[in-house]
Structure formats: structure tokens, C-alpha cells
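For reference, the structures are reproduced in the following blocks.
There are two complexes below, and they share chain A, which is joined by chain B in the first and by chain C in the second.
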Partner chain A sequence: MAVVAGLGPRLDRERFQWSSLAMLTPALALLGLLFVFPVLYAGYLGFTNLALVGARSRDYSFTGLDNVVRMLGDYVFVKSAWLTLIFVVGSAIVGQSVLGMALALLLRNAVVPIRLIVGSIVIVAWVLPEITVALVWYAFSQAGGTLSILLRHSDTNFLVVVPMLIVSLANLWRNVAFSMLVFSAGLRNLPTEVLEAAEVEGASVWRRYRQVILPLLKPTILTNLLLVTILNLSEFTLIYAMTQGGPGIETMTLPLYVYQEAFVFHQLGYGTAISLVLVLIGAVFSLLFVRAARSQA
Partner chain B sequence: MSAVQAKRMRADPSLIVVPYRRVSVAALATNVVLVLLGCFFVLPMLWMIFASLDANPDWAIKLPSLTLTNFADVIGTAGALSSFRSSLILAGATTVITTVLAVLAAYPLSRMHIPFKRGFMLAILFASGLPVSMLVVPVYQLYVYLGWLDSLYTTALFLAASSLPFAIWLMKNFIDAVPAELEHAAAIDGAGTVRILRQVVLPLTVPGIAVTAIYTFINAWGAFIIPFVLNSNPDDQPGPVEIYNFMGSHGLFKFGDLAVFSLLFSLPVIVLYLFMSRYFSGAFSFSGAVRG
Partner chain C sequence: MWSVIVASLPALLVACGSGNTPTATTDDMTGSITVAYSTTYVFDSDDTSVIWWNKVKSEFESAYPKAKLVLQGFNGTDVDLVNKVALEYKNPSTTPDVFMLPSGYVGQWVGSDYLLPLDSFVNDSNKAPFWSSFPKVIQDESKINGKVYAVNTGENNTAIYYNNAMLTKAGITVPWQPKTWDDILTAAKAVKASNQAGVIPLWVGAGTSAGAGGVLQGAANLVYGSSTPTIFDYNTKKWVVDSPGLRQVMDFYRSVYSQHLGASTSDLFSPKAVGRPVVLLKDHQLAIAVGSNWFADAWTEQNRHWANAAQEASAVPLPTSTGQAPGSASTLGGWAVGISKVTKHPELSWGLLKIMESDDNQTYIANRAGFVPPSQKVAKSDGFLSFAPPFNKAFGDALPNSKLVPSEQEGYPAWVQGIGQATGQIATDPNTSVDAAIKILHDAVANQVGADKVETLH
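Presenting the complex of A and B:
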């Protein structure tokens, strides 16, 4: 288009057009006010003693590394960070990736009706609102619920006995469709000649998978790991609606602890500082995956 | 398929079930494992459906003694209806704002020369990965300052801002996939930018716009923490917050109503997903996206 925009100077190079700025402005304005500014503001609030109510809600000040020192001595924070790692590694990185890959591979080789039905059910679980998933898993894991009857312990409330395991399973149940779709698309895009060649050469199923499919899928796997980590790290609704972080603090992952400190204990400054740690953890994971992707490219 | 094989198939009924493949142990195992996994996924959902139709539901899945009173109960309460209305306003406003701004922003990002475009797109991708928990405190403070708390529309504005980065990224990919020749032709014929956008680009990107809008709507429909924190007006709580409150207040003895409420609340997004699933699978092939 730049070519016909005018018969003035050079026509062989694209130039900046003011109309592009006009089209970008509304999005930039909204993102500036309610995204960029809050991010920068969070970077400041995390180092203050701002409170939700009382004197500190108006008269707060910069307190340097006080919040960081407080965190290191706060056993709830340490436990919370540990639970977050268990949740992300167990439910997301291992659970969703392995089950997602298994589903993608199995569905490829299943008969059509089973493929359609099972594939749709897994996707419906993903599309359901989180609050619904929280409710059905709450029901599933209660004493007298379906799980307890299946395991023949009908007076055991599994959400109290093994709370972290249940919320991780519920989260796996809800989110595995994402990895399944990513891997299915990755498998569809593999060059068929290579797969056929391996089959003709008589490689076993396992060997074909280990030595042909897996290496070819490596970029897809790394992208999936990155996205799944980022998406699950900030999981709040599902866990909060099922347990509110309890019993005790047994499922108090960092997003729940941020909410509790900020809006239940009214410590907005300290809560924000904890959320910055969450961002830091996300950044470390992202860096690891991007590095792994670069090194093999 | 050879004639001999075809003949054998007709002769042996067991082969007709899977006509294109010989039944092997591996194939059988694949299907059996999938059916078991399918049960794991369907069981929790089944509770919701059975309990909603049951006169005496409890936490376990059991065949219901059929009744529609649960449905009548929920549809009769003012709280359920008003929460549907609130969710519709919240998710509707979010979707309109996000989609319009995303289309407007994605077009120049896809087609025009903009300085630092690559850096901008990376920042957008990075932004869509930031946790909402980080934004919620500063945004709360900002809303206190602006007097924006307790309104569905201002809450929708923040939901829109938080879903905008991903929507722009998605929309840009859709526009990238449309060949630019038609726009060049229109430009040569003297059409201005606005006209090209309206008469050439928009009609060609309708599927992409639909996917972006539906994706945004599904997320906003289920949004919990943002309305939970920013909107405490008890008269217009959206569905998720209402269901959460219901679970806490009398969920422990009104299983049936709870099941109906969440079932009805889930239906719209399932229907919407079915509409867009046709276009959606393509959005998941981003094998090389992490590579720098």
C-alpha cells in the first residue's frame, strides 16, 4: 500500500504511516492504563508497607527490602512457594504433558467413534468454567462422593486427607486438553515420509516413538512446557473454590497467598511483593525452556 | 485393498467392525485404555447431570429419581437470573472491547511498517503470560482512586485489558494468513485505509474475529477473581461468584440446585465452543514459537 500512498520520494521502501498509529492508539491506551501502569506500580508497591485499611492505607512508605526479609522468615510463604512448585511440576509439567501426549498418540490410533467421543469429553472438561470444575471435583472427592465409593473408603473425605493431590488432579483433568491439542497438531504436522520409512524399516512402536517422533516433536514439546507452566503458575479460582487454601495451609499456593495477604489480612504491600516472586518463578522457567529451544535449534 | 481381502472381510463378521485395519492386541489395548481414560473424564461431569435431575441427590453418582423441581427452583430464584444477566453484561462488554481493539491493533501490526514491531510483539506475548494475581492489587488501588469499584462496566474494562495481549497476538496471526494482494489491488483502485479495512480485510477475517471473540467470551464468562475483587455489589455478581457464594452458604444441603445452577451456567460456553471448534484446531500449531 505504501507503494501507492504517494508519488513522492522512494517507492521501494515501506514507510511509517500515521494511520497505523491511529489504529493502535485505543489498544495502547487501554493497555497503558490497565496493564503497563499496574505492572510498574506493582514493582513499586511490592517494596512498600501499604495496607488496605487503617493508617497505612493512606500514609504508607517505601520500605526497601523489608518485605523480602519478612518473606524469608515467613514459614507460610516458604510452604506456599514449595506447594506452588509441587503443583506446577506435578500437575502441569509432568501430569498435563505426559497425559496430553499419551492422549494425542492414543487418539491417533483409536477407532473413529472412540476418538470422537473421548476427544470431545476431554475438550468439554477444558471448556467448562473453572467454578464448575471446582464444584464437580468437590463433589467427586467428598466423603460419600464417587471417588470414595470407587476406592471403597466411603467415609473418607479425600479433599481433607490428600488435598494437594486432589486439586492437582482436578487441575490436570481440566487443563490436559490444551497439551493434547498442541501435541495432536504437532503430530499432524510431522513429515509422513519419515514415519513411513521407519515403519517400513521395521522399527518397533517404542523405538519409532523414542528415536523418530520424540526428536521431531522437541520444539512442540518445549513450547507446550513453556505455555503450560505459565498458565498453571497463576491458577487461583479452581484451588480457591475447592479449599480456600486449606485445610490449614495445605493447598495455599502463591496466588492464593497473595489474595489472602492482600485482601483478607489487608497487607497490600506484602501481598504484591509475593506476586512479584510468582513473576520471578515464571521468568526462570521461561528462560530455561527458551534456552533449551535455542540450544537444539 | 485386494480382492482377496475384501472377500475375507465379507466372510468374517469380526473384521467388519474395523474394516480398514486388522484387529491387533495393540489396537485393542489402545481403545480400551482410551475408554478408561474417558471414564475418568466423564465421571465427575456425570454427577452434575444426574444430581440436577435427582429429587434426593448426594455427593455420589447414582441413578436419579427423576424430577425437574431443581430446575424450577433455580429458574424461579431472582439471584440465579440476575447473575446470568450480570455475566452476560460482563462477558459481553469485555468481548466487544477486546475484539474491536484487537482487530484495530492487529491490522497495522500485520501489514504496516512500524518501528520496533518485533519487540512490541514479544512484549505482547510476555504480557499475556503475566499472572493476574500480580495486577490485581495495583488495579484495585487504581480503581479506588478513580472511583471505579463495584461496576460491571469498569470491571469489564480490566478484563478486556488483561485479555487484550493474547487477543492481539491471535488476531495478528489470523490476518497474517490472509494474502495481501487483494488489499494492494483495492489500494491501486483508490480505496483508503478505512475502506480497505471494512470492505476487504474484515470479510476475509471473519473466522479469525469469531475465534478471538468466542475465546475472549469463554474466558470472561468464567472469570472469578477479577469480579470477586473489583465488584462487591451484591446485586450484580456474575455467575462464578454467585456459584461460589452458593457453595459456601447452602451448597451443603442443596446439591440439586447447585448442580442445576452450574449446569445451566456451563451450557453457553459449551455451545460456543462447538461453533468455533471447526476453526480452532489450527490455532494450536505453534511448534516453533519459543525459538528466538
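Presenting the complex of A and C:
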């Protein structure tokens, strides 16, 4: 068949074909049904007094800003939000990213066998099921556990003395592989000419890192921050398996508090409202990272 | 081996059941009903859970040859069971006809208008031959606004277990019968002073990790044994968060943990804390424990076998704080069976309930799940008393002074959380003052149910 020039649509302009709508309909319908509707419905439930069982499981009503007002006066919520911030900033943003970067840089310069062995060990921690990690760290931090023996305080239960630090460390231990992998990939893709040029010019290691590698890696770093923030904000299994939010409410981060309100106290409406706050916090962080990435471009 | 037994059970039971000829009406009843229950939380071992439910199923299907029973077992804790089944009840098409639930949740299920009143069944001695042998406290357990909504299948209550040899070594005469809380502390101190290697003097549950079960077999018993034995004030409809009795309880905890008489936080706050004293007693690492009646069944051969439990350990009622009347105290909490309001087969559902409550099935579940059977006839029968001697008798004797916890009230999980946090704080830091512990309880409950729903008793 001969190709006739000039008869097709112009390829240099944006085109809209009405038939594409029909093609998109199934996907849009599924997204609407399985994503948009549940999110909006959850948004609505967050402003009701719905309960899991009891009279208000059937006769619940829209209660306006009651849940928000309650949240502001709820000392557990305030503490919980604060703990979540500590967990995400301390364990994820600072700990995981800094350690992940350090590992990626060190492994980049290491000889192949060491790189393989260390890399594998770090990744094994990441591959382990969360519940296993929780058990390992639970045993590690108990009185008579390895940590207490190493620190020569064998009667001290570190999960009770410094609970937030221990769950943060456990989380860091497990998730550092993720950041390490992201950074390693980023480092491998850096243009070698630039690095070599800097080296030839006599720039010190620190200077090369700060003024060449870091700026070039910025998109990777931001992507990593965005992902680890989102992943860690909703962390539940590890903390719940280790402490169930205790002792007292010392490790009650927002996802655990949502669970407690919704499924222990049966306050589905209030629990949903708290989970909306969690979504909001995630959205704010994401927005910050996306803006930072855009200013870079 | 279990599978062989399980597989042969239906045949056996059909053979056994042929003596009880089903009446013409049951013969003709058709339909399929579903029963929801916990596979992992009620029985001492999952094997026995399977055996009991298969026995019930085959008895049901031979009594109602044209009907079918669907077993819907759930894994996890009591909280998991209630949450999953609560979601099923949101829609009539997924609602199980029959539900075996912790008796404390019956009130909330009735609040949701989910359950069928059972008065017409329990008041008919042909339909409920077992009902007249239930003591009034158990008949009334699931009575709400004058109507019965569920029938109990077994109760748990609390007493003190102790190791005979450890107390003897500490200079305490056995059999030991403490008359006050001071007697308990004195014995625990004597055990500590006698330097028995690796022995924890006293277990009294603290902290939040064991949830409602931990409080039921721990702190709540002390509240009921205190000078103000009230958790929920039914007159004012408020939660009691401060009272002379609660202060006695906090002071008792302070004495235990400040003198290092209690277990470590590794044991107390373990996710397995509910069962820790069972293991510690069996392993000869614990002298005295405030514990539940099911411990004794957990030491039988099928479970954590402690062959000499009957010779080595004893059980006595938990005394009141200063020996005031009635002399002993315990919580009471059990499991009950209700029928859904939307069931299409109420008669068949009742038929299942009647089979679950037969003397034989009550005995089996009481022995394997660690219950005091609701029927006094079964509770006094050889099949129950001789199963785990001599402990079952002590708990049966403690039953008259046992009191229900107000778990049908909506704020109960918050009170559980509050008392767990307060006692847990004392176990963590015995320097915590009574005032500070009371404040933790007050704040946790008031924060959840509202400051206008808590009160101080004087």
C-alpha cells in the first residue's frame, strides 16, 4: 500500500480524538469505583460519629467539625502526631536517607566481593517480612537480650526505657536498603566526565561530594525522600508487633492510634478523621518535595 | 492422628446419636445456617477447637438431616473476631445466623439491633432444657432491657495459684489461704527473702499488651476486691476513675513492683502476657499468681503438659483488700451464643444452640477451653470436676462471689486501656505516685468517653 503524504493529521500539534474517551472509559470507571469513591466516602465518614458496633453503627449522623474539635483537645492525638513526626523525620528522612547515602557511597568505592557481601546483608534485612524484623528487634532489645548485654545493662528492657528510639532503629535497620538501592542507582548514572574533571582539577573528596555529586544527585535524593516519607508515615506492622503502641502511649504513632480508635474503641468516624489527618500530612510532605524537585528543573 | 479422630467422629456420633430419635418436625426442617466463632482464641489448642466444632456440626446435621451447618471460624484474638464479624453484620446477606461472641459484647450487638430476643426459647423447657440449671447471674448476663439476647457457653473467673514447695521453702504454711492483700504481699516477700533461684514471687498482670483479657484476669479483680468495688456506676452512668478502692489497687501495685516482687516488664508487656504465668508456673519460675481458671486446663496433657500440677500447685480464692465481706472477689467474663435478627431460620439456629448447650458439649468445651460451665449440673458433674483436679473446684467455689465487668458499656475498652496504662506505668517505674497513676487512668478514660462521663467515688 502506498503511503500518501499530507493526508493524515498534523503531527506537530496536540490532537484530541473523541474515540479515545471510549477507550478510557473502563479505566476511568474502575478508578472512580475503586479509588475516587472510597476516598470521598472516607472523607465523609471522617465527619460522622459512625461506630463499628452499638447504636451508632446504624444510626450515625454527620457531626460537622465535632471530630476536628475533639482532635484538638485530644492529648493522645497531639502526642501521637508528634511521635509520628519524630518517627518519619528521625527514622526515615534523616536516618534512612543519610545511612543509605553513606552505604551507597562506601559500597561504590569498595572492592567487588565486599560490595556484594555487604549489599546482600543490607538487602536481606529489607526482604525479611516485617513481622520477622519485629520479632528480631523485640528479642534484641529485651532485658537479657543482645543489646542489654552489649551495653552491660542486662536487667534493662530497652523497649520500655527508650521505646521510640528502638522502634525507630528497627525501622531504619529494615528500610535502609531501599534508600541505599535508590542512591546506588543514582550514583551509577552520574556522568563520569564531570567527576573526572573535578578530580583532575584537584578538588578534595569532600568538595567533590558536596559540590559535584550532591547537586547532580538532587533529583534522586528528592525522589527517595518522597518515597520513604510516604512509606514510613503509614508504618503500622513493625511498631504494632513490637509494642502495640506502648508502654502507655509512648510509641502510639498515628496509624496505631487510628487502629485503636477504629478497632479497639470502635469509633470508626473519629478513627477515619485521624486517618484523614495522616493523608493531609503525607500530602504536605509530598507537595514540598515535588516543589523542590520543580525548582531544581 | 487428630485427622483420623476427626474424620471418624461424624460416623461415631451418628451411631451414638441414633438413640435420640429426632422428632418429625426436626426431620423436616431444611435450610443452611452459618455459625461464626473464634478458632484460635477460645480453646486451649486449635486441635480441640476443630474437634468440638466438628462434633457440634455432625450432631446438628444428624438431628436435622435436611439441614446443613456452615462453620465459619476466625483466627486471631477476641478483638479480631468481633471486628471481622461486626463488618459481616453490616449486611444481612453476609450476616451469620449464629454468633459465639465474648459475652461482654452482647450489649453492643443489641445496641446495633442485630440480635433476636430469645425469651420464647429459654422460657420453654422443651426447647431449653439446660436453662433452669443456669444460676441467675449467668441467666441475666445477656439480659438487656428485660430480654435475653444470648446464652452463655462458659465462664472465666479468677483466683490465686501458688506453688506449694516454694511457699513451704519460704516458711509459709500450706495449704495457704490469704485473708487480705497484705497476706499476699507478706508471702511474696518471704519467697523473695528465701532466695530461690530464678523464682518470681508474684504475678499480677500490668500494662496494656494483654488487652481486655489481661485486665479481666488481672487488675479488674483487685478493683472488685477493693473497698470500692465499682468500675462503672450504673446509677449515674459514669466510669469510676478515682476512688479509695482504685487507690488501694494502685498502692498494691506499687508495693509489688517497688519491692521487686513482680515479674519483669519483658514478661508483663510481652504480646503473650496473657499466657506467661501459665508457662512460668509450669516451669517452676513463679511462686504465686493472680490468674484465670483456664490456666489449669492449659496444664492438661493436650496442652502445656504439667503432669504434677495437681500435686505441686494449689488454687485459692483471691481475698478482698482487708478481708471485708464477702471475703473473696473475682471478675466474671465468658462467651455467649446469639442468633441474628435477620436469620431466615430462627428455629434451626436455636436447634444448633441447644446442641451446643447439651451437657456433653458443655463439659467438653469447659474442659478444653478452660471454662466454668454455666450449668450448675455440669459444673458439679464428675466429667468436669475430675478433669483438672483440684483447681476446677476452687474456681467453681469462687463463682458466687464473681462479678461481671461492665463490658457491655461503650466506654469499657477505654477503661481497660486506662487501667492498663496506669498499672503498666507503675510496673515500669515503681516511684510513680498513686496520684500520678490515678491521673493516667482518669486522663485516658476522660479523653475517650468525655470528662462528663467519668466520676470520683469517695
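For this structure, a couple of remarks:
Convention: the second predicted complex is superposed on the first by the 261 of 297 C-alpha atoms of A that agree within 3 Å, B and C clash if a C-alpha of one lies under 4 Å from a C-alpha of the other, contacts with A are read in each partner's own complex, and residues count from 1 in each chain.
Note that a residue touches a chain if its C-beta (ideal position, glycine included) is under 8 Å from a C-beta of that chain, and two chains touch if they have at least 3 such contacts.
Worth saying up front: this structure is predicted, and the values here are computed from it rather than measured.
By the touch criterion stated above, A:V53 is placed in contact with chain C alone, chain B being left untouched. In the superposition on chain A, A:I249 makes contact with chain C only, not with chain B.
Contact with both chain B and chain C is seen for A:G144 once the two complexes are overlaid on the shared chain.
Looking at the shared chain after the overlay, A:V69 reaches neither chain B nor chain C. Contact with neither chain B nor chain C is seen for A:L116 once the two complexes are overlaid on the shared chain.
Once the two complexes are laid over each other on the shared chain, residue contacts for A:L214 go to neither chain B nor chain C.
By the touch criterion defined above, A:G271 lies against chain B but remains apart from chain C after alignment on the C-alpha atoms of chain A.
In the superposed model, more residues of chain A are touched by B than by the other of chain B and chain C. With both structures placed on the common chain, the touch criterion links A:F263 to chain B and to chain C. In the superposition on chain A, A:A241 makes contact with both chain B and chain C. Comparing the two interfaces of chain A, the one with chain B and the one with chain C have residues 142-144, 241, 263 in common. On chain C, the positions that touch chain A within their shared complex are 79, 82-83, 86-87, 89-90, 105, 108-109, 111-114, 207-209, 211, 264-266, 269, 271, 410, 413-414, 417, 421, 424-425, 428, 440, 443-444, 447-448. Residue ranges on chain A touching chain C, taken from their complex, read 51-55, 57-58, 74-76, 142-144, 155, 157, 159-160, 241, 243-249, 260, 263-266.
Listed in rising order, the residues of chain B touching chain A in the complex are 18, 26-27, 30-31, 33-35, 37-38, 40-45, 47-48, 51, 58-61, 97, 100-102, 104-105, 107-109, 111-115, 127, 129-142, 157-158, 160-162, 164-165, 168, 183-184, 187-188, 193, 196, 218, 221-222, 224-225, 229, 239-240, 243-244, 247, 255, 258-259, 262-263, 265-266, 269-270, 273, 277, 281-282, 284-292.
Remark: chain A residues 1-4, 14-17, 19-21, 23-24, 26-28, 30-31, 33-35, 37-39, 41-42, 45, 50, 103, 106-107, 109-111, 114-115, 117-118, 121-125, 127-133, 135-140, 142-146, 148-149, 173, 181-182, 184-186, 188-189, 205, 219-220, 222-223, 226, 230, 233-234, 236-237, 240-241, 254-255, 258-259, 262-263, 268, 271-272, 275-276, 278-279, 282, 286, 289-290, 293-294, 297 touch chain B in the complex.
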